[in-house]
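What follows is a set of structures to go through.
Shared between the two complexes below is subunit A, which has subunit B as its partner in the first and subunit C in the second.
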Partner chain A sequence: MSAYDYSRKEFAAVFAELQKTYQIYGPKRFAGRGRFSDTDLIRYAPLASLDELELAEKSSLSPKSLVFPADETIFHFNDHEFSQPQLKENGEIIVLLRPCDINGIARLDKMFLENGDQADPYYQRRRQRLHFFMIECRESFENCFCVSMKSNTTDNYEVALRFAGDRVAAQVKDHRYAGLFGQKGRAGSFSPEFVSGNDKQVELPTVETMPAEMFNHKMWEEYDSRCIACGRCNTSCVTCSCFSTVDLFYADSRQCGERRRVWDGCHLDGFSDMAGGHSFRKNKGERMRFKTFHKIYDFRKRFGFDMCVGCGRCDDVCPEYISFSSCINKLSRTLKGGSDK
Partner chain B sequence: MSGNPYQPFPVKITKIVSESDVEFTMTVDASLDMVPGQFFQISLPKIGEAPISISNYGKNWLQFTIRAVGRLTGAIQNLRVGENLFIRGPYGHGFPVEKLANSDLIIVAGGSGVAPVRPLISQIVAGTLPVKSLKLITGFKSKESILFTEDIQAWEQKCDMTLTIDKPQEGWTGDTGLVTEHIRRLKLDLPDNYQVIVVGPPVMMKFATAEFRLLGIPVENIWVSFERLMSCGLGKCGHCKIDSTYICVDGPVMNLSHAATLID
Partner chain C sequence: MSLDLNRKTVTKNAFRITKRRNHTAIRIRVPGGHLNASQIARIARIAEQFGDGNLHITTRQGFEIPNIPFEKMAEVNAALRPLIEELELEHGVKIDNPAAGYPAAGMRNISACIGNRTCPFANTDTTGLAQRIEAVVYPHDFHTKIAITGCPNDCIKAHMQDFGIIAICIPEYDYDQCIGCEACAKACQRKVTGAIEMNGSKVVRDERRCIGCGECVLACPTSAWTRKPGKYYRLLVMGRTGKKNPRLAMPFLDRVNEEVVTKVIANTMAYVDRYILRCLPKEHIGYIVDRTGFNVFRDEVLQGVVLNTEARLAKTIQWPGYNTLNDANLKTTK
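Let's look at the complex of A and B:
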């Protein structure tokens, strides 16, 4: 492990050098593309230069689309044959991301690579191209509660970076970058720090088995009317991994088509509908309960740690101002016999 | 990408038998290892994919009994003998055959829930899966909705069987009433010795298993099979998750001691 210091200009040269071998993804600002007029959209995208890296605000979409795109063709078909689409670009990718998102992708790894004992090949072929460059995150954004979720720290990165005004510091854990990083910088002593406190804190339920009465508790009724089943919490979440498959065929060649998988979410209508009319969780409150338990209770039973990483994006994007952190606290209070208000 | 688990393979349809107004049994050519209670993801490219349980199988063939109630199943109904169906699988945990062998077994199945237990019953009556005794209770809504008529006639010769329809109907001289009423009438000397399988709509399974508990059957001896929406069958898509259980990989057949704790 080694550490280096740079001026921003010097580091821009390292960045440019890395781009010769890797595509670099990071949070990028798209001016005027936000949900409201005159607001910007920040999402993960290929960065043309270091200047495009957005550090002042949280990205409203997570980096999960790098491993699990919103829409992915799983095969093409014609009358007799299936064919697997190749990835357009198969090169390696450096992704600049914060500890919560690194931990978020570790949760996706559990689902896509381990659950059911069979690795998902579409996820795997994208995942194996990624190299994590951690953006040091010392101060919390609005709605973050990563410390409560223990996802504020990680050592799952190859390089850690601190961006401080005109200075950039790097800690290089993977020796493959040592030459390049050492060549352009001065030896330093940087070691990343992590957020140690958020304004928002959650108290997690400690029960090993959720009492049956909590499934139909009246605390969920609030969400019956408040949630509008838009699914933004699901799409913005770095750990939401549900999908549906859809088939389509081409208008000009009706024997040919493709099967795609597209993001789906437990808040959306139709998520549990079966042919013949059976359906589960018709009420929005039941969907909120299902998601909440998954994120902070039953995922842990299966994998040993909580699914939610406390990035707070669900709260950032909810058009009905539902606060997931408040919901977790309300659940824990209720479990302890306190008020659900 | 070799061995892609999402890619189905074509199987030739060799026989189609209409079971009722909306249900039909399709036989396809396939030589695969499977266990009663498992399922396949069945698809038609351009239309879509859905999980369907195995309704019987042999060395070189496999059957699915399908209710044509949706877009995909409606399109499958239009296929003819000689055409291809696309499948992948088998998936999931089937019935615990080792525990059931040489047991006193009771099987209760309602409506299309008879399909997943049919291979099990076939193996028992054929003697390839020997049991000490078999009591079978099958329930249907009406006489028109009775499935597997030929099989049922054969089963009646080989085991203690009750075939009931929900309500009395003109032209029906057999048993009537919900399966729960018939479970209640069972005389079981040593309830601990029985293994019980219940498969049917969620409400039926809930009340039928409750009746068996009242008869003193230990919860560990009761097995149920769940049906849920699935897009993958591989433990990835999330549709069939209930609590920390994925029906596709942990089920669809589960012991009641676990299944009873699951709240959708």
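Let's look at the complex of A and C:
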């Protein structure tokens, strides 16, 4: 392990040097592409230079698209055979991301790679291209509750970076980068700090087994009328991993086409619909319950830690001001016999 | 003492001849309808000091302070100076002597809906645009009504103006980002023109049907729909109220940029100057277009205008409206 200090300009040169071997992804600002006019969209995208790295604001879409794109073709078919498409590019990728998102992708690893005996090959082939460069996160954004979710820290990175005005500090854990990082900078002593408190805190339910009455509890009812099933909380979430499969046939062909998997989410209409028209969760409140239990109860029972990493994106993007963190607290209060208000 | 007033000079200075003898009313311009609290306080003080403490909010988002004795005009003008500086000069309007009050009253206050400073539907900052257009058209004596609305909901009623400017967007689709949730298609079908249809798990937008409201952008949970960079407008022309032939403004230019809008409005001033009947006390712009015909209007106002590539231009226009003379359907009930 080694550490270096740079001016921003010097580090920009390191960045450019890395680009010769790697594609570098990070949160990027797209001017004017936000939901409202004259607002910007921040999402993960390839960075042309260090200047494109957005640090001031949280991205509204998470880096999960790097391993689990919104729409991915899983095979092409004709009347008698099918073939798996190749990735357009196969090079290695450095992704600059914060601790919550590193932990978020670790959750996705559980879902796609360790859930059952077959690892998901589509996920795997994208995942193995990634190298994590952690953006040090010492101050939380609005709605973050990573500390409560214990996802504020991680050592799952190859390089950690501190961006402080005109200075950049790096901690390099993986020796493959040592030469390159050492050339341009001065030896330093940087080791990353982690945010130790958020404005938002959640109290997680402590029950071993969720009492049956919580499934039909009236605390979920308010979401029937509040939630509009827009699905933003799912699409923006770094750990939502649900998808639907759809087939599309090429124009004028009954036999040739492709199967895709596209993001789906428990809040969206049609998500739990089955052939024959049965739908498991018609009411929005039931969907909120399903999501909440999955994020902070069911997943833990299976993997030993919670699915939600407290990135707060679901709260950031909900047009109806539904706060997931408040919902978790409400659930815990109710379980303890307190008010469900 | 009997007053000896030059009515034309008074009116040009934005004071009115009112019902009450020897008393006037001053009209205060607020381009884009936005002002700060201290400016409102200043307006209130003028009403208290020179009028009778009352003021009227005009339909065009200005203020009219009535019951001011004519002798106070110079003092009122002096008191208006900071407002003229802040609401006009600040935005690039050229007024030679701001201490002498408003130099013209023909050009009506440019009104605007609240726009994207507040409204989530708005495709632009309507007030900012109003202020920039003010710098192009004011001071001018031709009676012209301009209003700007942030989206096709048209809360400001751009359809009732000589120039109604509707801010629109050109939605752009990121195919790979679309998850086929149908939210945009449902929004467009329920609220707008049904320009979006599902095509399997993707959507297609009928460009001709699309009116650029931006509902699809607002609805999309993955930002597959976003607004194309740049600002785009639909320019409606020659809507009017009035005693003879009220009618709705109609689209003249669509998907044009701000430069086109401002240049067309500026050209219109020259067109009016050339064709107005000076034998009349005033001739409203819409009636001038009636006389010259649409084609003359179109060709003159488009002179030197470079249309952006997205632009669409009306080849002909028919204005819906009615003649107040047509009363065949009205019968007495006694």
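Going forward, the second predicted complex is superposed on the first by the 338 of 341 C-alpha atoms of A that agree within 3 Å, B and C clash if a C-alpha of one lies under 4 Å from a C-alpha of the other, contacts with A are read in each partner's own complex, and residues count from 1 in each chain.
In this text, a contact is a pair of C-beta atoms (placed from the backbone, for glycine too) under 8 Å apart; a residue touches a chain by one contact, two chains touch by 3 or more.
Note that this is a predicted model, so its numbers are computed, not measured.
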Touched partner set for A:19, first subunit B, second subunit C, both or neither: neither
Partner chain(s) touched by A:74 [first = subunit B, second = subunit C, both, neither]: first
Of subunit C and subunit B, partner touching more subunit A residues: B
Partner chain(s) touched by A:246 [first = subunit B, second = subunit C, both, neither]: both
Subunit B versus subunit C as contact partner of A:264, first or second or both or neither: both
First (subunit B), second (subunit C), both or neither touched by A:111: first
Partner chain(s) touched by A:332 [first = subunit B, second = subunit C, both, neither]: neither
Which of subunit B and subunit C A:231 touches, first, second, both or neither: second
Common interface residues of subunit A - those touching subunit B in one complex and subunit C in the other: 246, 248, 264
Subunit B - residues contacting subunit A, complex: 1, 4-8, 10, 43-50, 67, 69-73, 201-202, 227-229, 231-232, 234-239, 241, 243-244, 246, 248-249, 261, 263-264
Subunit C residues within the subunit A interface of the complex: 116, 120, 122-125, 167, 169, 175-181, 183, 200-201, 214, 217-219, 221-224, 226-227, 229
Complex contacts: residues of subunit A adjacent to subunit B: 74-75, 77, 80, 82, 84, 111-112, 115-118, 120-122, 125, 209-210, 212, 215, 241-249, 254, 257, 259, 261, 264, 266, 271-278, 280-281, 286, 290, 293-294, 298-299, 301-302
List of subunit A residues in touch with subunit C within their complex: 30-38, 41, 43, 60-61, 69-71, 230-232, 234-236, 246, 248, 260, 262-264, 268
